[in-house]
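Alright, structures below, take your time with them.
Two complexes follow with subunit A in common, the first pairing it with subunit B and the second with subunit C.
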Partner chain A sequence: MFKYTLKRLLAGVITVWFIATATFVAMHAVPGDPLLNDKAVTPEIRRNLEEKYGLDKPVFTQYLIYMGNMLQGDFGISFTQQNRRVNDIIRDHFPVSAMLGLLAIFFATAGGIVWGALTATYRNRAPDVVIMFLVILGISVPSFVFAALGQLLLVNINSWVGYSLIPVAGWGTIRHMLMPALVLGLGTMALLTRLMRSTMLDIVNADYIRTAKAKGLSPLRIFFRHQLRNAILPVVTILGPQIAAITTGGFVVELVFAIPGLGRYFVQAVQQLDYTVIMGTTVFYGAFLVLMVITVDIIYGYIDPRVQLE
Partner chain B sequence: MSDIVLDVKNLRVEFDTYGGIVKAVRGVSFSVPRGQTLAIVGESGCGKSVTVQAIMGLIPMPPGRITSGSAKLNGQEMLGLSPKEANQFRGVEIGMIFQDPMTSLNPTMTIGDQIAETLIVHRGYTKKASAKIAVDLLDKTKIPEAAKRARQYPFEFSGGMLQRSMIAMSLACNPTVLIADEPTTALDVTIQAEILELMLELKRTEGMSIILITHDLAVVARVADDVAVMYAGQIIESGSVDQIFYESAHPYTMGLKEAMPTNKPNEERKLMPISGSPPDLFHPPAGCGYFARCPHAMDICESNQPSGFRIAADHYASCWLHHELAPEVDALHLVGDQ
Partner chain C sequence: MLQCRVLNSPPVVYRMYCRIILALSLCCGFTSAAAIAQIEATSVDFKNQKITIALAQEPPQLNPLKATDQVSFFILGHVSEGLLRYDRRGRLAPGVAEKWEMDETGATFWLRKNARWSDGLPVTAHDFVFAWREAVAPITASEYAFVLFPIKNGEKINTGALDKSELGVTAIDDYTLKVEFERPCAYFLKLTAFGTYFPVRQDFYENRGERYAADVEDMLYNGPFRLAEWVHSASLKMVKNENYWNRESITLTEIDAAYITTDTTARLNLFKDGKIALTGLDSETIKDALNQKYRIRKFTTGSVFYLEFNFRDGRLTANLNLRRAMQVVFDPNELVNKVLATPGNLPGYSLFPVWLDGVEGKFRKEFPAKRINIDIEEGRRLVALARQELNLETIPPLILLVGDSPTAAKQAEYLQGLFKTTLDLDLKIDIQTFKQRLAKMTAGEFDIVAAGWGPDFNDIMTFGDLMASWNLNNRGRYNNPRYDELVRRAQNSTDPQVRMEAMAEVQNIIIDDVVILPEYEQAVVYLQHPKLKGVVRRIVGQDPDYTYARVVQ
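What follows is the complex of A and B.
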């Protein structure tokens, strides 16, 4: 297990290095010089930046400086926000995105497991048909549509109750988080429901379920002890990539719900061609996702005894 | 002698499929005496598994349906029970093991836990007490280092060891009857022999009855006391193992014997697989199911079901050749010489 973890971590570091390099190359391949951009670079910032990055030096030297800074955990200074370090931007806004993402993953997983188990149990009957129709909607409709619908729903609920029961936008309390997290997790929830349903249906016909019946176990015990546990395994496997999907989807939801998360800053940075912020947040997100995927894999190793030997 | 543990009468099972209704089991009757081994033998697809699964309440309904029959365990009816009622005897009075031990155990539960579960559910033992008995049971089925093995998962076991664990699991509550559905078919030949040996030994020490399902006559010869030969959803001959082997009274049983490889090296004999294939169970024939393949078929066989003719005490065969008007039965014994 230890060796396996170490191997995965090493592979993770290489992946992050690759992401950092690719980001660097991409930024330098974009036509135009960031400092010639007339948008917002004051002579003062320009001097700071030239000093910091040696922009007059050859590209490879710049790359070495960039990697060196990154190794020390320094993502540099914003091009557009005077004296604001990228590290500060991440520190201030990442916890908000992480909280939102975590809650979304929680909704998605809990919902996926419950709905999936339900549809499999009521296969081809009303609950199954209705939920599977909603699942198709959940997978195919983009999240900004759900975000708008969610807000509309909240407006109606609030006006019906007579006060702001659940805020339509903004951030701060758990009540602010509910709707955006639900909207953000919806696509993943739909996907997990479908996956859970199909593995549950496979397992219903598995030989070991027949054995469990022949042992004289109650249907309830068979469902929880033998079916559910084995059906959840594939769900956990795709959780890693799904965390990535949720984080990327977070950009849109943060904008619509006016949530001060990192995603919003990322989009803003792209719009304003704030190179250091783009590079810093990209690499940071990349590293975070790689870490999440590895964590999920290691957790998987604990719940599925068969992978321990790898 | 006539201490019957399990008595099955006129069992019929059908399945609804897209192609129509499959009449998988068509009026099967047999009985199992205490402490004896009944082998049910027949080609694959003839309804052996469906028969025992119907008794155990394991037929998926739908698409399955038990249309008639009764199965009495010590006088108590087992068909048509709710899961709760059926669980009074499943795993308690009747244990069952299956063909593929690799897939018949829960992959994410330790072997020990899977055995202990039966004891916790049926006997109300604590986790600790049941875990200890699980180790004893593994010991009984001759699994080395049982204590360590109990903590392992199915993927860490070989096929033979898994089948031993399945046996240990089915024995947990000292069942009266053990049903083994092709328990050695998926295993290597040497392992097969070991598992059969183990079952025979346990039958002696535990005093249970065994229903052994197989398509292999060599297995039957080795372990059975009584034999029921199945064909196209019916039992076409039944009797003691000696009667079935030395006084075969049904052309199909003869054919099966011809198709059996001999293990005597000096005896030069050609393998004679039965030509043709079993009838379509969507439209079972009106007469004898073996009609299309039978070398002795007569006019009467085509549209009239032969009933069970009594050949000797406890020896029955469903074949018109045993009718008093039929030509001499001697013809039967010539089959092997052609």
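What follows is the complex of A and C.
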């Protein structure tokens, strides 16, 4: 077990190093110049800026310096916010994204499991058809459409009740989080519903369920003890990458609901060629994703005793 | 500041979806005007004189020496003050300086003794000397250093030829500031109201180092307001500065920028929900706002948008007849009414916008810009002439470089259609994101670029020297000794008649030589809560200006 974890972590470190290198290369290969701005500057000022950010050195030297600093946990200074360190940006804004993401994951898994179980139970009957239609909608419609619609819905609810029941946008209280988290989790919820449905259907016809029925167990007991526990395994598998995807993919939701999350920095940095923020957020998220996958694999062993961690 | 920047604008696809949603919501009767009116607005608080607003983005740089963007200057204009300031009617008024004298060689400012920093210490002449020296010092790498070039040795220090102590500014004593000019500067007083001229206190600045202005406690304030709370990317609260010398004339106790988002639909929703007191509209949200029967307000930003030609050797656009051909078929009026289609924009006829002052009245009244008659036959003749001169069978496609905003794409398509149908000229549209577009502009990889320019100070020279051969923002590398000479003449004189006549000739050169094709003078449309009064929209300086605003019952 310990050896396994260690091995996975080592592989994870190599993955992160690879992500960092690939991002570094891609970033420098993209046309454009991070130091260019509306106002053209004199060559002297340009030289000073290049010196400040180390861009006056050859790219490979820049790479070595960057990797060296990164190993010491220093991601450098942002290009667009020249008095903020990338470390501070991640520290300030990741907790927001994480909080929103966790709530979204909670909505997604709770919804996915319930709807999935429901569709499997009522296979090919009205509830199944309706829910599966909604699921297809949930998977195919992008989150920014849901975000805009969700916000519009809040505006109308508030004007109907006559006061701000649920805030339209902003950040601070749990009420602010409800709608954005729901919107953010919708895609994952739809995905999980489908997954849950198909695994449930496999299991319904399995031998051990028939045995359980034959033994005279109550349907509820069969459902919770035997069906759900087995059906949930694939859900856990995809949950790891999904958590990472949700906490990183919140750009549009963060924009629409004016939420100060890291997703906004992640996307805007690319638009503005903010080298240090691109590197910092990508490496951070990469590491986060790797860690999530490893965690899920380890948890897997506990849920399903048949899985041997070796 | 240059206005063509489209920071963080959501992708076109996203906008398209918004349009669909809007249509959907209208169909479902989702938004009914009657229901909306019921919400009681929390954005304006009469009892406490507090207002809530939204910002389009987090201010990237609140260090006045380095700030370049509109949001940062908006905040800085409320929490800091220069020697002079603009009053509620937009006229120059005393700020930290209570009186001043100016002649061709320099200026002297006498500072008021009751101007204080937020920590209680007085604002002195030394704070200005320090700030201005730092701003031009090459090590600071300020992109706005050029606005200090009218001060003696400013440019030489900035290029590294002289030490920053050589700057022509001295503190005679704590409350007297003497400025020497590099050359006569008719508009110097206006410059002292600009952000880069704001004072900075040395001991505090050096103590904070790299982190200066990174957070509330890393800054000092000497303006009508001070920052009280700043949660990055989430909110920013300004409260009345009790140390401000003129605090009696300030009514608002708090300006709470409680939301930060570039999404105009989200901001309109916040406005509908009574959460913010003012919001700008774009071509999509304006339809919704009209449906709500809100009062739509207009404001001309003072920026001019135009097509800039590439004059580098070997570029087809270096040919005068080719440029003339495009000039005689392009009607800015049609662009404004049919393509932009939001209210308020003025068709562009000159590099100089209509609001600029002339000798006594407005420049464009005194020296009207020549109008070009639309003449497609003439255009075709000119293209044929250009083909002969260039020795070409057909003119190969010209590259039109534009930004990635929805409006830019719409304009580009309009121009493509226009030049094809009238002149049989092909345009190849090159849509680029902000930084990539700048890189191509700088490298000269375009034939025509859609560009824009916004004023930095309230004088004709903020536009006048744009196409001078030495100006780095002259991206097409237009080079005309006569143009340069006229700019120098206007720069070296303080006589309005001499200056404006020189600029009138510049205006003619730009039209005759087709240096640019003016497109439009930009306007913005916005909503403002009816109980919020006294908000000043400014062409130069912080905009919108809430300094003298108040909430009525």
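One rule holds for everything that comes next: the second predicted complex is superposed on the first by the 284 of 310 C-alpha atoms of A that agree within 3 Å, B and C clash if a C-alpha of one lies under 4 Å from a C-alpha of the other, contacts with A are read in each partner's own complex, and residues count from 1 in each chain.
As a working rule, a contact is a pair of C-beta atoms (placed from the backbone, for glycine too) under 8 Å apart; a residue touches a chain by one contact, two chains touch by 3 or more.
Nothing here was measured: the structure is a model prediction, and the numbers come from that model.
Using the contact criterion defined above for the overlaid structures, shared-chain residue A:230 touches subunit B, although it does not reach subunit C. In the overlay built on the shared chain, the residue A:272 is in contact with subunit C alone; subunit B does not reach it. Set against each other, subunit B and subunit C touch different numbers of residues in subunit A, with C touching more. In the superposition on chain A, A:45 contacts subunit C only, with no contact to subunit B. Of the two partner chains placed by superposition, only subunit C is touched by A:256; subunit B is not. Of the two partner chains, subunit B is the only one touched by A:211; subunit C is not.
After overlaying the two complexes on the shared chain, residue contacts for A:59 are found with neither subunit B nor subunit C.
Once the two complexes are overlaid on the shared chain, A:84 sits against subunit C while remaining clear of subunit B. For subunit A in complex with subunit C, the touching residues are 30-34, 36-42, 44-45, 48-49, 52, 77, 80-84, 89, 92-93, 96, 142, 144-145, 148-149, 151-152, 154-156, 158-160, 162-164, 167-171, 252, 255-261, 264-265, 268, 271-273. Interface of subunit C with subunit A (complex): residues 1-2, 4-5, 7-8, 10, 14, 17-18, 20-21, 24-25, 30-31, 35-36, 38-40, 42, 54, 58, 60-61, 63, 66, 68, 138-146, 158-160, 210-214, 218, 231-235, 258-263, 265-266, 269-270, 272-275, 433-436, 438-439, 442, 472-473, 475. Residues 56-58, 60, 83-84, 86-92, 95-96, 98, 100, 103-110, 117-118, 121-122, 153, 155, 166, 169-170 of subunit B touch subunit A in their complex.
Considering their complex, residues 205-208, 210-219, 221, 225-226, 229-230, 233, 303-306 of subunit A touch subunit B.
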